[in-house]
């Protein structure tokens, strides 16, 4: 249990009581240390990292590399793997991990740990877990509507002369850019059996190492103008790219099985990061609102009651989206990723849009400076906007939820028919004429 | 713990896992029974009640009276009093009470139970607890901005010739209408000591029985056109109204102490009711969306993907506002009403507006019928709209939250100054030039 | 041209310059007189009319009857008929008629004037033009999705034994209530030829006089709780109702032709009324904001900068929706109702929703009183909400506009292909490598 | 007058009839030619310009330079100057100029043309009119709330030893970046007389040539990550910068006079550009919606009725904001910039926010590609977002409008008091009891 002192500590104060109650002593210790780590090692380092990137854009900056070494020493590396991963996991529940861990690494590591055979794990997973290399997830395509993943058209065939070799052809968007010197591997979802009558069994996931002959980068995709170096977002072509068949994960035709396992937690991780970022945007707004140098019409920005209301509205929305994400994490802990599907979708739909709106309001409070590099607000906004599309646009998730909900209509109709029957009884009992409505 | 079967029962299925876990066996039993009660005794009775009201508008309808008798027999009456009320309470936490209980009765009963002396309780509280009479809360005034309650101007003076008699003068809005035959009492907040230097000690709360000489009803206030009979919303005048001084609650000048205690839980009760109503509106929308008779352009309403998205959006918002209210209830259980102030305000700001919007969308799905008496939707909307103003408009609550938040800015600024200092260190360490931002 | 003095007169001041320029001397005179009429005869009479309705709900109140006589004497009756109606018209353009004229009378009169034969006009139109009787439009049905009017199922057949008599069977919603003593006639749209291969030729419009054997009222539909007496909104049944075949308007199977002609201007009239009502709501908000009795936290409501911003937002939205409606009226004047279809839909989609939101904000500024009969705000809101559904819900209109817009995509694509070709030329000219995007 | 053919030409088709009617033959000719120019010379050249900027970021790209020469030859250069500028003007009204002209050049040229003496015009204005140099406007400051321009603190003093020389000290944000080789001049607003009792007479506007000793650029401000080269947005310091006193514009203490003249039309120009950009974003959305390669769940994006509704909503909003801007332009033409103040503010508040929302929706329709450089959408969004802050944030404009509106309350109250008096008369006439409301 949290001590009274802990409860008002910034690392814990925003957590609702039901979550505070559930934290194990181990989690409390981790959160306290991670909070300190973020406050002293991460946030203050941001501009140094940017300066190092200005020198070498496509390389993990030295400060980050050193931080990784330090994090390992302090036991703060790879905290995200859930208990089911045994020794690889620090033993924290989804609910307990409130720190940041970056995409697509978490999702990819979880995928490899869950679905690879031992040889694959040794070769590809361990260097990722050690932070020595980084990985990309290769799914989106420019030529089809890949938000409906059954449309994915990038083709995997077997070389007829060398059946141990796969030949890949297609064009992909997203998945980090291979220019990053530390990138070692693309995890590719592509179509291997287009004629299979079951559309959910046509696709296969394989590991494409870097470099692979026939693979080339077209460009780095900017996101709202940001290059997102050193990871970037690649646009790239597989042109008779040759990959060993041993790099197939789980088995041919099993890509959807894998994708389901990957995307659920990944979506919640995005939402967790956004909550952290939005809290920081909110803190900047509070600082601006009380900046003694900024007095339009003679009052502090925070003395205008319109801004007082805006601050309250932001605070209240932020906390409501935190409740949604914490509930999704807990639902996954208790009932599993699959049963948590609805709660995950609820987070994915609500959080990125609300986060983007709150950060936008914070930028507006900063006036002319708000849109510039004077603060991290524009980059935070960009990330929130990105997540509204990453792993599927809002509309696709709403569509899925809505269709599931409509399946519940029949049972509800049954209950309402019960009301009607009982109403008739009551009319008779009380001598009241039954009203007919069309 | 809930059984697997219970977990999908409509009475429990919408509760998040962290709430399901916390339900005591007693609460599970109550919820199951109350759910059945509502499904079989309340919802189907609505139109019968309306028919009985058409015969006698200002009298609790016979069906309701009978239901009260039955509810008492089944132990489902007065479930809302929290554990701190001892024998009067069924022993349920705020979190566990997910059933409806009507305003202003709950708030008034809680007020009387908490602040009255024994004699007052015998005389006024017991008949209310028995459902034999009903009560009104008399606070709002037309002539001042009473959302800032220090402005309340209705005057209580002592009769100089008879100091045991209070003389009341003023005009009030809201508080039920005395035309209701069952109304027995107004709980009046008025100004007894306007010169007191402490504005929070100028007001006194007294019990005004019905009838009282000098008290008269001006009109019943309709809410968006609804008369809300038999309770109504009164507009009335105290003109030299004479009330025994023994009817002072808690003591002179202590009205704000009482008001604080009353309004917190009352706001959450309003929100709980709204969640129940909005669920019902949502169910009606699902039924409409699958009504085989309604096929614009040849498709069911629920086959249009725009409506599929709308249904998802409603579901997701509804569940997020439930999380907010459940968290507020739990926060009050764990930390008390006062510490729960923020969580209560969060509910009060989010829920009525969101509920009104969802119900409005449901009405729109019903087309021309949606605004008529064919469904309960318009009345449900009216109640949601009413709660956006009742117990203070949104803006007043946002103002309070915003001002509290701004008090946290200094500590946050301190942490951010820490970032700046650490950034300077890192610049030196890494040989990077420090950037200056205005 | 307007004089400088006229330009700041409340009757003209809100009109944009391009509209002020277009007003004929006749229109200027009419507007000035109608404005005076509304200010002195209509607005102040509202509560008197309500008092008279309380005495006899289903009868045009005596004050209104007297006003009609006076209006005729002053030449202010039936101002709405456009120039194309010859002597029946006062010769004003759509743009020039900025005064209120009530639905469904305007639409029905226009329909009868446009499509009836002389005998029908003598019998049914003249008493309406004289304001001696009133009329209803009977289209919506409870059993089908009648927003798609091809679904209308109410049946007209010929009596096989008496081919001069039509037999009608069906249930309708909306169309005023026959309880109104002054109602003389229903204009009914129903299905006469369900097997016709052209779905736009299956329906016929007929005049159903009151009383007609086989016609009966089920109930008055309340709109958000309001009974809208004395006109009301009826729910009624045609059960072997017998109507002379001479009452067919324009010809069998021509109902859609008639409906098109009726609904366009009717929608703009609704929007015009809403602008007038919203202006009035806005004026009430300004009065409240400067009411010296209302000082929450010691300041006038209009001294809070949050409210200053709200007032500005309302003003700006109100004027932008006026520009939309005036443009639609002018487009109809210049290019006809059919070419004005898009501009009409633009008004119908934007105005009711925006008006309802503005009025809602005004109610909120009034605090507890805002939802009651203390002002006309709740009724104005109800009318705005009603119009969001009347003559088709927003979504149906958006659907129509969206489909029309998608037809323009091919031409736009052609222009963009031109850009691509020209880009290639420029690449060659400037020696720049062409970028390929998927 | 437009021919029937012209009316459906893309250059004119979106103009409302009242604007089409007002176009002079000269304007029709200009618009037709400018439309062709934009379609063939500008839009297709965008990526070539980007490629040239990649080679030399801080220099007007050669293609642009050539376009300027061509534009001059075709008489399409400097079209924006209004008729009052005599020979400098092509004689078009605000209403007629629907083409793009870039900021801050238009505003600066207008300022110099209006307020400079002949010598200043020769030296600074002519090269700008010829497109040989470019200019910056230097107003915003990081250290004060400069949206309230009376706070501007950058100091101008006279050198006591050399009174013909001004000494400037201060830090500024915005105003293009001096790295642009073509930038010749900053138009600086600064404080020259801080003790003047009239706060509107404390500031002076001067021309600061480039280079000026004591002036230095700190950095280029990125806007949402974009560098906006070659113009950029500078952050820069005046540190004892020395400027000849002959560079004072209009006279000491007259900066506000100048600022007023500059900002009105500048705001409308921003809004005009945004409408053009949003139209283009909309066209891209239509093309995406009908792209045969994009078929999520087997249907074109434009076959989902949710997207059909989104397209309609975008179209309708776009056209409503065009009506607002055209009305503002016309109001300025007819009544002057000062009387047009409200209409300008209406545009400035409505257009940037609505444009950003529409472009955001278009990006979302593009899925993963929508946020990348595959289209111009992200840059267009960035410009719209920028304009929500440029020349003052929304809230500042709403504040100004709201305060002006509140001044009208007294007259409105007078009219409403008239209603009350007349109501009393009517009560007497009709024998109805007058209702009293608080």
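Going by the order they are written in, the chains are A, B, C and D; count residues from 1 in each one.
The rule is simple: a residue touches a chain if its C-beta (ideal position, glycine included) is under 8 Å from a C-beta of that chain, and two chains touch if they have at least 3 such contacts.
Quick caveat, the model's predicted, so the values are computed rather than measured.
Touching subunit A and subunit D together: B, C. When the C-beta pairs in contact are tallied for A-B and for B-C, the bigger tally goes to A-B. Distance between chain centres (mean CA atoms), subunit A to subunit C: 48 Å. Chain centres here are Cα averages; for subunit B and subunit C they lie 38 Å apart. Taken residue by residue, subunit B touches two or more other chains at 142-143, 173, 235, 305-306, 308-309, 369, 374, 395, 437-438, whereas all remaining positions touch fewer.
On the subunit A side of its complex with subunit B, the touching residues are 10, 16-19, 22, 39-40, 43-45, 47-48, 51-52, 62-63, 283-284, 286-287, 289-290, 302, 305, 307-313, 315-316, 319-321, 323-324, 327, 330-331, 334-335, 343, 345-346, 349-350, 369, 374, 395, 397-403, 405-406, 408-410, 412-413, 415-416, 418-423, 425-427, 430, 432-433, 435, 437-438. Residues 140, 142-148, 151, 173-174, 219, 221-226, 233, 235, 293-297, 301, 306, 364, 367-374, 378-379, 381-382, 385-386, 388-390, 393-396 of subunit D touch subunit A in their complex. Residue ranges on subunit B touching subunit D, taken from their complex, read 142-143, 171, 173, 218, 235, 304-306, 308-309, 436-438.
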